[in-house]
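For reference, chains read A, B and C in written order, and residue numbers begin at 1 within each chain.
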Amino acid sequence: MKSYTKYLTFNTKRRRELIHITREVEDAVRESGIREGLAFVSAMHITAAVFVNDNEPGLHQDIWEWLEELAPYRSDYRHHRTGEDNGDAHLKSLLIHNQTLLPITDGRLDLGPWQRVFYAEFDGQRRKRLVIKILGE
Amino acid sequence: MKSYTKYLTFNTKRRRELIHITREVEDAVRESGIREGLAFVSAMHITAAVFVNDNEPGLHQDIWEWLEELAPYRSDYRHHRTGEDNGDAHLKSLLIHNQTLLPITDGRLDLGPWQRVFYAEFDGQRRKRLVIKILGE
Amino acid sequence: MKSYTKYLTFNTKRRRELIHITREVEDAVRESGIREGLAFVSAMHITAAVFVNDNEPGLHQDIWEWLEELAPYRSDYRHHRTGEDNGDAHLKSLLIHNQTLLPITDGRLDLGPWQRVFYAEFDGQRRKRLVIKILGE
């Protein structure tokens, strides 16, 4: 068995941002030398998410509006008594999940025709990390 | 370490359909010869989902109604400017996730008493694929 | 490759309860002797969840209220025709997922500064199990 670990760092200009990271994950798979296995991709923060979907800008706007509807920004979350104002970012992260797993076959990400990997930042403008951990052979 | 990969193909009669796939995943585990490990099961499309829950028809109706409430069909998603009309299917897939991981112990799926695996099709009536990737020993 | 499996059992006093299990997962990682790998943590029931977020009591209250809003208790779920009254627990489990995966680096959980692991019980007051399955080397 082989394993390979890589960290990515983001510091977004805007508080909320969607970053396409399929290329970065593919790079990590190549660097790992692993031919058959699984690539785990996870935000290391609880105010961000990682998900698989389509790289289509209209859809991305739909996703942001939908996230805001189901896990809206509000000033009165109890979490804000700690001095934070990012309660919605925690809920958005729970809603679409902080992590994903991607299959590797023949040394490449084994994705469907429209599957792309995204890092969703819900409380950025500061240094945030993501971990890629690949297991296989 | 051993790995085993298998693809399933679906072409549902109706646009939305729930397919019970525990048996198919168990078959893949047996074929793999893996005794201890993890089985990754993922839709290869972004308008479908894979999840673990109860095989109870009343609950399945509850789940469909709930999905429609939280990620409703609408004609005016921005994604539809591309000519698609499946914006809700993308959101439903994000909501309950496109993938699951199942533990394998002593050569069998190590599930709780009521845990069953389902493929949820949100935009079918065409050929869609699912990947099962098993890692272990 | 090495693998290690451990089960935890819960029997909560209240029907709904949040249990912090980072320590228990760390114990399992230490017991496994695995230095590089992935720890899979999953409820073995379909009326409970496992998730990663902040260990902050105000946020936990926000999460419970939000879960109740998006997947409310209702008497009229079709699932209740079976004699159950836990339809909401199934939907809550689907919403925030029954499982999570955690990276292991240098023999320890490789979590971000605020990432903690929780078991969320939505229909307790009876014996429920959770499985930890660790793969790595």
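As a working rule, a contact is a pair of C-beta atoms (placed from the backbone, for glycine too) under 8 Å apart; a residue touches a chain by one contact, two chains touch by 3 or more.
Quick caveat, the model's predicted, so the values are computed rather than measured.
Rotation angle for the C-alpha superposition of chain B on chain C: 120 degrees, rounded in steps of 5.
Look at the contact of chain A with chain C and you find different residues on each copy: under half of the numbers used there are shared.
Taking each chain's centre as the mean of its C-alpha atoms, chain A lies 20 Å from chain C.
Of all residues in chain B, those touching 2 or more other chains are 1, 38, 70, 95, 97, 101, 135, listed in ascending order. In the complex of the two chains, the chain A residues touching chain B come out as 1, 36-38, 51-54, 56, 58-59, 61-63, 66, 70, 95-97, 100-101, 103, 105, 110-115, 135-137.
Chain B contributes residues 1, 3, 5, 38, 40, 42-46, 70-71, 77-82, 87, 90-91, 93-95, 97-99, 101, 129, 131, 133, 135 to its touches with chain A in the complex.
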